[in-house]
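Please see the structure below; I have some questions.
By written order: A, B, C and D. Residues from 1 in each chain.
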Amino acid sequence: MSATSAPARRATKDVRRAPRFPTLHRYLMVLKSGRGITALVLLGTLVALALLAPALFPGGYDEQSSGALAGPSAAHWLGTDEFGRDILVRTIYGLRTDLTLIITAVPVSLAIGTLLGLTGYLNGRLGLFVQRALDIVLGIPGLLLGIMIVLVIGAGWFALFSAIVIAGLPQFGRLARAGLLTQQDREYAVASRTLGVPRRTVMVRHILPNVVDPLLVTAAIYTVAAIFIEASLSIVGLGINPPQPSLGALLNTGARYVQTLPTYVIGPGVVLLLLALAFTLLSDALNKAANRR
Amino acid sequence: MIRYLVRKLPSVVLVLLVTSVIAFSLPRLVPGDPAALLAGPDASPQTIAAIRAELGLDQPYVTQYLHWMQGLFTGDLGTSLQYRRPVSELIGDRIGSTLELAVLAGLLLVVAGIGLGVAAGSSNRRWSRFLTEGTNTTMLAMPPFLAGLLLILVFGVALPVLPISGEVSVLSDPVIGIQYLILPAIALALPMAAGIARLVQTQMRSVQQEDFVDLATAKGVPSGRIYRRHVLRNSLGPAVVAIGIRFGDLLAGAVVIEAIFARNGIGQLAVTSAQASDYAVIQVVIVGTVFVAVMAQLLTEITLAALDPRIRLA
Amino acid sequence: MSQTRLAPVSRALVGIAALVLAGGSLTACASAVQQEASGGSGECVDGGTLTIANAQAPIPERVLAQGAANQWWARGVFEPLAYGTAEDPTALDLVLASDISLSDDDLTAVITLNEGVTFSTGRDMTADDVVWTFETAASETSPSDVKAILATWDIEKTGDLEVTITGQNPLTPVLASTLDLTPIVDSETYDGLLDGSQMIGTGPYVVSDYTAGAGITLERRDDYWGEEPSLATVQVDTIADSTAQISALRSGSTAIASGLTIQDATTLVDGDDSFSLSSGADAVFPLVIDTTKGAGADVKVRQAIAMAIDRDRINEQVFSGLGDTDGLYWSPSSPDYPTDQAGFTYDPDAASALVKEAGAEGETVTITYLNIPTLAAEYQIIANNLEAIGLTVKATPLAGPDFQARAAEQAAGNYLILRGSNGGTAFMLQTNADLRLAGAHRVFDTPEYEKLVNAVIAAGEDSAEATAALTEYMNEQAFLDVLVTAPFPSVVDSSVQGIAYSLGGTNYYDACVTQ
Amino acid sequence: MTITTPSTEPAGSLDTDLLLDVRGLQTHFETQFGIVRAVNDVSFTVRPGEVVGIVGESGSGKSVTARSILRMIHKPGRVVGGEVLYRGQDLLGVSDKEMQALRGSEIAMVFQDPQSALNPVMTVGDQIAEALIVHGGEKKASRARALELLEQVGIPDAPRRLDEYPHQFSGGMRQRVVIAIALASSPKLLIADEPTTALDVTIQAQILRLLAQLREDLGVAVLMITHDMGVVAEMCDRVVVMYGGRVMERGPVEAIFSAPQLPYTADLLAAMPKLEDGEEHRLPAIPGAPPDPSRLPTGCSFNPRCRFAEDRCRESVPVLTIRGPEHSAACHVTGDGAPLTPAPPAEATAARREIGGEPLLEITDLRVDVNCGRGGLLGKADPVYAVDGVSLEVRPGETLGLVGESGCGKSTLARAIMGINPVSGGSVCIGGQELGPKDRAGSKRIRETVQYVFQDPFASLNPRRTVRQSIEEALEVRGVPAKEREAEILRLSERVGLNPLHLDRLPHAFSGGQRQRVGIARALAAEPRLLVCDEPVSALDVSIQAQIINLLSDLRDELDLGFLFIAHDLSVVKHISDRVAVMYLGTFVEIGDAEQVYSDPQHPYTASLMASSPKPDVAQRDRERIVLTGDLPSPKNPPTGCRFRTRCPIGPLFRDDRQVCIEQAPTLTPTATGQMAACHFPGELAAPTA
């Protein structure tokens, strides 16, 4: 016994003690990779820009004037659009629109999709049924589904939101179900059940936290897809209602002036690319952090 | 294998049946009246009502559904409300265009996806890994339509060697037809290829840790042969599954790509029909794409079985 | 069958040849990229193909109606008795008719038909076909825009090649437009038009290929009754996306791009001498206000709206300055055009004051519009203008079926739309859905309005006074703000010459290509 | 020999006889936490045709040593020093290409896990042939040779199986294929890295016999990496004992087993339960756990666990000194000539109790369908009875041992008792009350009587939750008020020998033994009267195994617990059990008093199992063995009649007249010696007792 007590006495603080907030700690590992830092810096900058937009440009995104389609100048770095509005201002407000959209819709999709995927925990048949239903949704091409949803709901913010939520359900549902199926047979889940821990507690304590990692990674990847959905629907003319800008809507209009005013496409295009890039890198970093032991 | 497929049959039929209900009801949830569109912008309510009756849209939904299903089983896909043409003909006119695009894009997806993945998965030098991963990440973040716009800019303006608009059927003129296909196929396939590449890469890295790779090394197998014969084939599974799932996305992505490259394919038909509330066409397109997705999934399973004897011989 | 069946060896050879060609084709003759046509004022060639990219797919079923869908092919195949022109709404340009004589009271017209006119089936066209066409156009399910006028006419066959029209109102103001928009169809094959399986007319072209939703191809007819046109083939491709249309035009795969927004079209022409703009009839872009509900119920608010909208800026920024902002629905070429009432007041301050006076500050005005780029652009400026006078504006962009169903039921609320400017005042008042009395899309309706409209229709050629009175009443009630009257220009490659427009679409009697 | 300067071994003896001469090998792993010296100055030799064993516990560096020889260290590992002389040529100095040519043709390797060592998508024949083709073999000839090799390693029906895929082979057969691949180019040296660890006892015996035979037939030298002293004793000529990355002792196997010069070797041998141990006694366990290679203690790596440790052991690393012919050891204490006294058995904390009282667990004719609840939306899966008609009972204070090979249904049985797998037939009574269909896992009735100790303590602890949280969860369910839990956790952790200061660690920060203590503490927290221990020590190192066995028996005696103790290791079961049941393919073939069953097995399967177990005793290596042929049939499709008949050495396979075994299933009946056996011919095949 002396062999173990000697170092124990010396160690006033246990170095291998679990961190106080283990989950947070693990995700902070994202910061340990170059990709993670790049992603967070990029994302941070974009979010900051979006947040500060009203302070930076108090005039809002709809300040029209007669000076339409002017080239870049000191007053308008990216030039003005067809209504004489500053393209840079609209790009940043468009970023704001996209960010609000994905920041609200993706988590909702994640939450609902996960719940649907986990219905199998209540009832095996129900889970299988939900799975099949989600497979059908997955079989309908995303954009067609998006178009139908927007048409049913009526073009606008909520329609885009719903399209993003619904299109993501199958992915999250499948993943959650796959996670559930492996996790509920994991020995520690079984161990808790044999101890008599209530099913709900086993779910919340042992299954969910371990299903969450791949879901978060997928959520980051799906965020990129969500940005694409917004842009694609805008291109079909079913995006956000004017005059509110979104990156997709700006690209859609800007593409028409690609010869005469290339900054109209380049501005929103670069921002969209950076936004997508940030989430792609974030998903990589999350994946790495999740697989770390 | 056949037994396996037969065993799958009931669930495939069930999926398609449920899909038909969704496909039937979803477009009808969209507010608006296809008859109003036919009647024209200046039409009076009387004209619209008369056209409704003529199209059979005044029938109860159940009757309409049963009528449609009855048609489906006798091989009649219905008649477009907008064009008054058999849906089968509308689709038949476009399926070639879409198939050409999907096949070439699918081919590119497989070749570029797996090629890039293998390049990234087997590169051990720092700079080459950095290069492949950088390309990959950028492609992942590039939406197809942006890639399309970029290609149009480059090839339409700066370097006019490939056509950027229109189409010629590959069957009628292979040389020209292929040229028309190249750019849209690239725009469609590359962003998705990046996702596939990533899967292949990750899988290759994990397969490299497998004991059988060690055993091959211990046998004295050269590393090139190890990659080809031991690592690669064992790394393709997830990529195949992803390609199977992504096949539907190919069709969906085709909507935008077809639009900007002026191709008349199923994607365009789907969008215009959806916007014109052409129920007869959309419902068939939805059932059709789900059918294709189900088939793609089956094909995936067959491919997996071909790749992996554990599945084939189970 | 035997021709296409190749021996395996030769098939393999073909395959190899194809590969070799594909490899070399990027630089060789088989390239699909044509260098842009040299353009300029070349000599017309006999024959040749004119390729047109149109944003809307052909709808054969709507041959009896006006519309962008059929504008590039229908008049090549189907001819009316006479064309109307945009320049003079009362002038008749005879086609199938050899003579049209009007009675003194302007209520009866006797139309004599040309001899030797045949349908492309070879059958002779007779007075029966004319009567049948007019009756069909007037029927309940017909898409005809001039139904309302046809319904008041009595059409009789008065000889093998003679029909007599008897109207309830004077004919001159409406005859040209009505005849132009009612091309003569073949009674025997009319049903084929519904699905486009048979499209038989008397025109110089026949439909050689039609792919629903994708395009239509016309071939010159051998046995045309009149003078044979120069163009051998007219091919209309459906290209909905504007980026794609521009690419198609630039790469030379099409010679005409139609359906671009004016801005796209002018941008395209601005930098390039090889393209020019070309247009037929104008379109009117009104904002119609719901006078029964919401802020629009108050006439003061309506007047404020009328004063708040900067129509010049709309013209400049949405229509590239090509439009006209006279604020009137009426065509300036119409003899009763009220010139002194033309123009508009843009006075946001006065408008704000009016809104305040009406106590409508902050009230929400929802504007419904058909979801197309031009109207969405219009909406943006209107919304900006109305917000500036203290109103809150919300958009409801709708797809075609939804918008048109709502509009027909007068449920569209405040809406933005575009209408063809296709005739004189009396013609518009009877056919236009924003103006007409029966089956109107606008909600506004007063006995006063009815009385004034009927006065214009009954006045015949001397309608100037009645039109002025109506216009004044309309401006006072401000239920309808005509924002811009603008052309719908197409971009035409310089290799194309001589295309002509009538109300019902483009004809190719004198058209040719230089190549 | 002088006393003051212990003679070290001579550094580079020029023995031309040597096949392999490893000198001062050092392999390091450069991790973010610093350099891990996984192999630290390792030297040993292999002569042609000789079997040399490298033995050590997890983390001792034995596998890394093997891989270093073939230069097959995975990143971030690197061989940083020493020489690997193969026939005089330093393998560490040759080019990659030359090394590649040597691999397989001169030195071949056999891996631990045959499940993963074969490429799943290549036919077995191709994989064998590839080994020849890459060394210049011609395609057709290689295939012919592959067939020959398959036959040589004893795969029946070889021509047909040549074109089959690995998954169509059983574990044992796969390991034969791996051996065939290794032998393809007739190498002179075979490195076998734990070749039988993943296999069942009866299969292990087959493989060991094959290896011995190949050595005899082909004269190939074998470097055997293993943790199992039994395998060493059976197979090896010489032994290298590794600990903490170093060679601590090496010498002829007889010398090592009879007169170990290292306290570690001696204590390790003592800590192993043995089949022939008589009356139950306490195992002399080695305290602590094998060191983490990234944090080796200073001085002798073994010093924290050593009974004889002195100050110098903590200060300087002992060198190998010669202790006998070819025998050297690295120990300060014994180097000075101090004798190794036998390790004293650990003290028991409580006296053995009388077995008695009402049975805690009573099972009658239990059947468990493991396919129950499977299947899709439409239709059900065919039933598979992993447990098919089993009856048993366990009383307070009693330990019922349950042995059988993997796949025999022993874990399913345990899970059915816990309510994890639903019962499809028969009855389970717990604490005198029969379980109904509503009593699922964790229901009050079950959990208050029975608790479960899992095989893999790491898998059974949530990696995200601290040990304290895991134990607290059990207390929470038991209804211990939050205020009292802290004290209870401390009491439990002290009882199972956990350092209370470590309670806030996550499971991965613990060693295997400590994790199992956590698992036991958690089970005890529910205050059960019966513990179902499912292979509780099989994932542990030998030195830890003894600690846990001792702990379990202490707990049983202290708390008057009943045990259902499941294991595949016969000696462990014998050591702890009062009664033993032997399970084969879902049924019990023999059950009875432990002493009785072990000394006089009545069922041929029991006898074979006992004969197959390797014994850590060199004297027994020439004993007569019964080696079963074939593999365990699938429970999906069990044989008719006696389930053991397809492998039975006295069954119809060998004796045509015994049709009764095919036609009639034997039932458990009392035998002449007292236990029950399910055999038509009980007692005919007796295990050769020592």
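Following the convention adopted for this analysis, contacts are C-beta pairs under 8 Å (C-beta built on N, C-alpha and C of every residue); 3 or more make two chains touch, one makes a residue touch a chain.
Chain labels with UniProt names: A, B = ABC transporter permease; C = ABC transporter substrate-binding protein; D = ABC transporter ATP-binding protein.
What you see is a predicted model; the values in this text were computed from it and never measured.
Trainee: Given the two chain pairs B-D and B-C, which is bridged by the higher number of C-beta pairs in contact?
Mentor: Looking at B-D and B-C side by side, B-C shows more C-beta contacts.
Trainee: Roughly how far is subunit C from subunit D, going centre to centre by Cα mean, in whole Å?
Mentor: About 87 Å, centre to centre.
Trainee: Could you work out how far the Cα centre of subunit B (ABC transporter permease) sits from that of subunit D, in whole Å?
Mentor: The computed centroid separation for subunit B (ABC transporter permease) versus subunit D comes out at 51 Å.
Trainee: Centroid of subunit B (ABC transporter permease) to centroid of subunit C, CA atoms only: how many Å?
Mentor: Those two chain centres are 37 Å apart.
Trainee: Please tell me the distance, in whole Å, between the geometric centres of subunit A (ABC transporter permease) and subunit B (ABC transporter permease) computed from their C-alpha atoms.
Mentor: Chain centroid spacing, subunit A (ABC transporter permease) to subunit B (ABC transporter permease), equals 24 Å.
Trainee: Mind pulling the subunit D residues that touch 2 or more other chains?
Mentor: 376-377
Trainee: So which bits of subunit B (ABC transporter permease) are touching at least two other chains?
Mentor: 11, 14, 30-32, 149, 259, 275
Trainee: If I count partner chains per residue in subunit C, which residues reach a count of at least 2?
Mentor: 243, 398-399, 402 - these are the residues of subunit C that touch more than one other chain.
Trainee: Applying that definition of touch, give me each pair of chains that meets it.
Mentor: Here the touching pairs of chains are A-B, A-C, A-D, B-C, B-D.
Trainee: Could you please specify the touching residues of subunit A (ABC transporter permease) with respect to subunit D in the complex?
Mentor: Within the complex, subunit A (ABC transporter permease) contacts subunit D at residues 1, 3-4, 8, 11, 14, 16-18, 22-23, 124-125, 128-129, 132, 186-197, 205-206, 209-210, 293.
Trainee: Of all residues in subunit A (ABC transporter permease), which touch subunit C in the complex?
Mentor: Answer in residue numbers: 62, 64, 66, 68, 82-84, 151, 154-156, 237-238, 241-243, 255-257, 259-260.
Trainee: So in the complex, the part of subunit A (ABC transporter permease) that touches subunit B (ABC transporter permease) is made up of which residues?
Mentor: 132-133, 135-136, 138-144, 147-148, 151-152, 154, 224, 227-228, 231-232, 235-236, 251, 255, 258-259, 265, 269, 272-273, 276-277, 279-281, 284
Trainee: Note which residues of subunit B (ABC transporter permease) are touching subunit C in the complex, please.
Mentor: 30-48, 50-51, 54, 79-80, 82-85, 89-90, 93-94, 149, 152, 156, 160-166, 168, 174-176, 178-180, 259-262, 264, 268-269, 272, 275-277
Trainee: Quick check on the complex: what are the subunit B (ABC transporter permease) residues that touch subunit D?
Mentor: It comes out as residues 10-11, 14, 209-212, 214-222, 225, 229-230, 233-234, 307-310, 313.
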